[in-house]
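A quick write-up on the structure given underneath.
Per-chain numbering from 1; labels A, B, C, D, E, F, G and H assigned in written order.
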């Protein structure tokens, strides 16, 4: 693009002043290039992190996004705030467990043949697991849920291990001692995104215990996101899933 | 015993002075009672924590104990120091992996029909596991070793799970993420003593990761001792084992 | 059992298809074996961890368990939630201090000759101590309570030490500096389950101080469960107690 | 496979005893399935974690692996120990910066069209970056190195950003404040594996600072492995890379 | 006393049974001796730690103590709870800043010629400082208050340093960076009890910052109590003060 | 001044008693000198840290300051408390985002040609950023705000980098991973005051993550204030700004 | 003194210039007063903290002190460095356990009728205990040692409790769980200086465990110094001891 | 510059291809602008962080810098490594206390009328203080040293306070409790850069104590750099100093 502009200047078709202005904007040159990657993450909805933002603010941002026809996905929305947003924008759908809002304005661009596994240790970790699941679904990716398969009753995990193995990537969520990703990591050959949760008590230290467990896993193929970051777990999984499907 | 002494005084068989002296000693009254429990832990060898003690000091303590005919067990003995002790007291036997010394001076008093399981995640945890095993063996208890059965290759654990289940109690040793006790705890019905080890790197923080994992285990029936405390793991297991066998 | 099935197949008494189905279920083979241990922990009630679960959810789970005739024990139940459960299932009995619910639907299977000691440092630790006590009682085990015997007034502990010594196992609960298990551990010969509590202030750091104290105890025979985990303390004690009584 | 065996038994071609034995081994049934995933991670060399293992032990393990014709990759090998191994097994090649040994016994099975980017903040982080790079190369994956592109001189990063963007996945290594993954994460659309290093001083706390930075990154698409875990970074990247290339 | 009892038994003046009973009670022998020290701390009121105790419970304890004619001092009493106690026991006097209750039922036994200095960094630390002051006053000790003399305006401290120096002992209270005890410790020659407070924000970590500062003080003669433990500060000071005045 | 007094004494114009009294006050001698520096920080308003102070107390302090004709600036004022203060002193102006009150009673003494840059990573950090900005403005210093320029979208920062470079000093505010000061520090040549915020979740640990990041920055020219300490950031910047302008 | 100087000026006996000079020096006025307290701590030797100082430097400082006839006490002296100092200053006496040097150049000024108790949990804590003891002895104070009386064998403590009670003040040293001060604090009525040691392993965290235990003690009358700070323990005890003896 | 290039293209003096190439390099356009700030920090020497770099590597970097005629300053150089560098480049001068190397190849560009104060608590902090001092001197800035003026003997600080006040900016270095910056901050009106050191023992935690103290300082005008980061302290001070002198 720089080449084009320079040629036009050389050809007298573009004054140096106009060229300079074009080169100074993001759309044309330099740092604009920096912004191009956003395009590549197509298929993704626009995402709003709802925590700490007021309902009116979220409505404004949503409207701006909706005006471009994007799908919009909002995380960390307590019910009251979600209701306020939906009274203004009734096309949003609220999921109470994951505390997410989603509005689908256009069809998903990509079709995938396979799915992401969301594996979850205990019922208390469900909100985080569902945040991961809804994130993936908001990108048009199929997820399969394997819940309540914690290591203290490991036969439940084995009952589903074949189906987990067939996934492209697993998001494994666990609180308390956080051992589930290690066990799953020893049983599957695809990448695992581990999500520690703050579920637990006493020396759990708000998820620190599970976080350290996952970082120290002796199984290979596990990487970790922040405590309770279900969105991060789902998002990373979709990124990998997209790459895996890019040639289809 | 107080009753006897008082009756003798009343009967004029014991002067008040002699009575007072008797009551003043540990062997007869008052706090002496405090010391009686030591007797009950029969079958246990005298134990010396070798770390930080000089060889000459250990030799002196050992001699005092040996003079009473006790078995003597010494932990945390680096090879050099152990050699020094053995050159003076050649009846000691040194185990290089567990870094323990043992001298058997009398037969074990108690016979047990069953055994303790020592379950260990990785080969690097072996010194701690062996410290636990040698501790139990120094009390005359049979141990069965299940090593290298970490959660990242869980089929190895399952290959031995029936034999582990038949034990009275398990000592489960793990470093890195420390998830093994949780998995074992979900598979057996006897008590588990969990021993975190400082094996690992990075955010392992010298065993803190494994320690927190074990304290936060979602499996019931697990209690924890200090990091790398193989002796504590073995000792607690023997205590439970003895109770289990007390009516035989 | 696998042997039986194979012989029947060889004898033509069982079609390969039926054999496969039998082998595929948990009740018959393979991982099903994994589930058998649950049976062994007989005498235990079904346990529900009430914290973070809604009353309606707890009622559903309870009903499922009650339908099998089991005793049911629920921990971490705030009064309001307990009332809601009891209005649906009035046979539950609520204990306000330990915040536990218990429903006894069948007689305890086992008779024990001896008891568990629950030893507690201060009156503020009482809720945790009672959670331990109620857990043991819900398993049909006799407990004896030794409360307010903290180390700062050690004569109170000595007044009861003989009775504590006669127990099979002690659960020792302490907050603040958490020194009580060390002192008791020096006076008794049976195993001690130490439970740190979050009682304290300032540099107590929500029980971390007591937890570290107990892990670092210089007395042998002490193992530790999570902060405020009265249930874990009681449960581990019952496990040991059962083993001790298994031959009776 | 179970089906086949049962049919043979029914047909009298296999005795129940032989069937039982086959079913009992890992290769044939049940947990053996657990071991099958190892096959899927083809293209990977056998990996030995060298730290804490003695040279003679490593030689033994290596020989066992080499006997099967596998490629072998060993991490965390100080020069002295590496020399000892190479004097016995001279076909190993040592890389002094990454402290890895590699022996290639067969051609890589898979051909890839694209590459992994290894992005590294400072020259002091080089050993960790090279451990990641060598890990990937030992799997037959092309890596491109972008070193010394820390955020304090961000123009150096921008000079290479287009080439980084074209990679399938990036491994981003940083010590000190660990900010590089956040910046790269804002510029590329593929997954990022972040590796904190213990490089730094003062309040770096052996890599804790960089670890927390990466876990808290406000950029999406970043997951984290343990401190200084270059192998984990490279390994996770290869897993993703393989999925991305599986249809070719 | 043991001697007396034994002589009476020998003289037939006391039956062995009665002697045994006397010896068995705390008031007479053995561990009773343990309880004697309480007597020595005369001049001290009975102290109740009010936090976490219900008003009705406090009323009961207070009544028991008052029946013996003791002075009673209660700490950590929120206004509502204090009002409830005072409506039952109107002779209590409440101090709103220190949140203490005091009831004086008898004159202080000891007269002192000198005073304790309570030195306090900022106005926000006042509740802790006043808890220390009221504790000392409840023991009949004169205190002099030197408030708002933090190190950031050190001339205010110097204006009073002579009067601080004349005290027997100083209690120095500080939050935030907690530097005041170090400065005072360099200016006076008597012992200093340092009390860190949780006043501050950000990296204060609930008083940890001030606690570490005080423990690491480069001035000699400083010892530290728990965070926000004004009572402990005052109590330790009174103990020293009493010793200093014991010959008067 | 001491010289003057002594000369007057020598000349008999001042009695030794009066001289002593004069020398004893802060205004005249000795430590009074200590207080002189306050004068030098002219241009600064009187500052009140509002947190933890009651409205009535703040009104009293404000009135005392206002009586001297000073400008008054109050931080950490929740809306309710601010309203209470303003109902008594309606000349105060409240800023809801920064939670500050300001009353301007006299013109700013100094004119500056240049400005301070307030650079802020995310919209959630705005309250801290505005506390910094309002602090500077209350000193009569021009600030320019560069908000929402976090490192995950670094082109937004570059769009403004020239204007940031022209500032005398920058205050850079960031939560979550806290990487912004490192990036800015690599792009500008003036001093940077970095302010970590507690914005974030999970392993953010109330700002600890951002704090450590900033302390470990590999960019030179960055110094750090306490977590969420917007006032400290602004105040330090004004101090530097004043020095930079002192010769004008 | 200021009064005197002013009167002399008024009387013409002192010129204003000379007066000013006198007032300007530390020896005469103003801050000099600050230095006077050193005088009050008479009976104390000059103390040098030897750690991190070179032998030659220590020799120089010692010579300066010795020239004034003071007693000199040096802590933290490894044997090699002590030998170097003693070869230059042979009058020093080295104590190998406490690693202290002492040279007595004049008689102790004060005679005391009573003693300080040094109470120590385990033999490994001995170096810290002896540092405390030697510190007190270098001030001319009698100490009585009660070693190896840890809480795990509490009858040993009781055997000496009467003699401990008669002390003016106790220094109680403990590592590992650090429970000893709490127990002693419940048995004596004088002040206790608690010294945590770094003795222990695993979750001891270099003395943090013992430190927190002591800060959280539920016994009154305990204050704490830094980890391993035997000097601080002894020094604080002597300060209290001196006050207690000041009227003799 | 972009303008110039475009005009030349328009004028036909520069082909589009050459223009593109020029624009593509750092020296000419775009991100090159990013590099321009380096120019502004004139007067600064080239700085090399020596820790972790080999002597030969340092020699190479130094030669490259020297070839441009720059002054070169190297930090964290142990004596042995410094000697190796100096044997190749004898014009370097080594300072043993600060462990820095400096080579002056050209005169300092700027003359300053005033100085920076380096204020240091204890003699053990000297290496850090001297690193700060040498950093400033390598930029041609005068420093005045005020050493051994810790808060435990505060009169020593006051003896020099006037001279400290006259500095443009102070670097205040302290270990142990780190209180010195707070005290100095209450006495001077210029900015303070606080440098915590790792000097101390026990609960100092390698400088964490001093770091937290400084971050929590109740004095205004203090900002903090990393533990032991003398270079950072000096560098920040010079940045401020340069701004203060820019109009001269």
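The rule is short, and it goes like this: a contact is a pair of C-beta atoms (placed from the backbone, for glycine too) under 8 Å apart; a residue touches a chain by one contact, two chains touch by 3 or more.
Everything numeric in this text was worked out from a predicted model, so none of it was measured.
Undergrad: Chains in contact with chain B and with chain E: which ones?
TA: C, G
Undergrad: With contacts counted as defined, which of the two, E-G or A-F, has more C-beta pairs across the interface?
TA: The greater number of contacts lies at E-G.
Undergrad: With chain centres taken as the means of their Cα atoms, state the distance from chain D to chain F in Å.
TA: From the centre of chain D to the centre of chain F is 49 Å.
Undergrad: Round to the nearest whole Å and give the separation of the Cα centres of chain A and chain E.
TA: Once rounded, the distance between the two centres reads 56 Å.
Undergrad: Between chain C and chain E, what distance separates the C-alpha centroids? Give it in angstrom.
TA: 40
Undergrad: Determine the centre-to-centre distance between chain A and chain H, using the mean Cα coordinates as centres, and give it in whole Å.
TA: Roughly 42 Å separates the two chain centres.
Undergrad: Can you list the residues of chain E that touch 2 or more other chains?
TA: 34, 154, 187, 202-204, 208, 211, 215-216, 220, 226-227
Undergrad: Quick one: which chain pairs are touching?
TA: Pairs satisfying the touch definition: A-B, A-C, A-D, A-F, A-H, B-C, B-D, B-E, B-G, C-D, C-E, C-G, D-F, D-H, E-F, E-G, E-H, F-G, F-H, G-H.
Undergrad: Hey, which residues of chain F end up touching chain H in the complex?
TA: The contact residues of chain F facing chain H are 33-34, 37-38, 40-41, 47, 161-162, 165, 168-169, 187-191, 193, 211, 215-216, 220-227, 232, 235-236, 239-240, 243-244, 246-248.
Undergrad: Please output the residues of chain G touching chain F within their complex, sorted ascending.
TA: Interface residues on chain G, with respect to chain F: 2-3, 6-7, 9-10, 12, 15-16, 19-20, 23, 30.
Undergrad: Give every residue of chain G touching chain C within the complex, in rising order.
TA: Those residues of chain G that touch chain C are 121-122, 150-154, 176-179, 182-183, 185-187, 200, 202-205, 208-210, 212-220.
Undergrad: Can you name the residues of chain G that touch chain B in the complex?
TA: 123-124, 154-155, 158-159, 199, 201-204
Undergrad: Which residues of chain F touch chain E in their complex?
TA: 26, 31-32, 34-35, 51-53, 196, 198, 207-208, 211, 226-229
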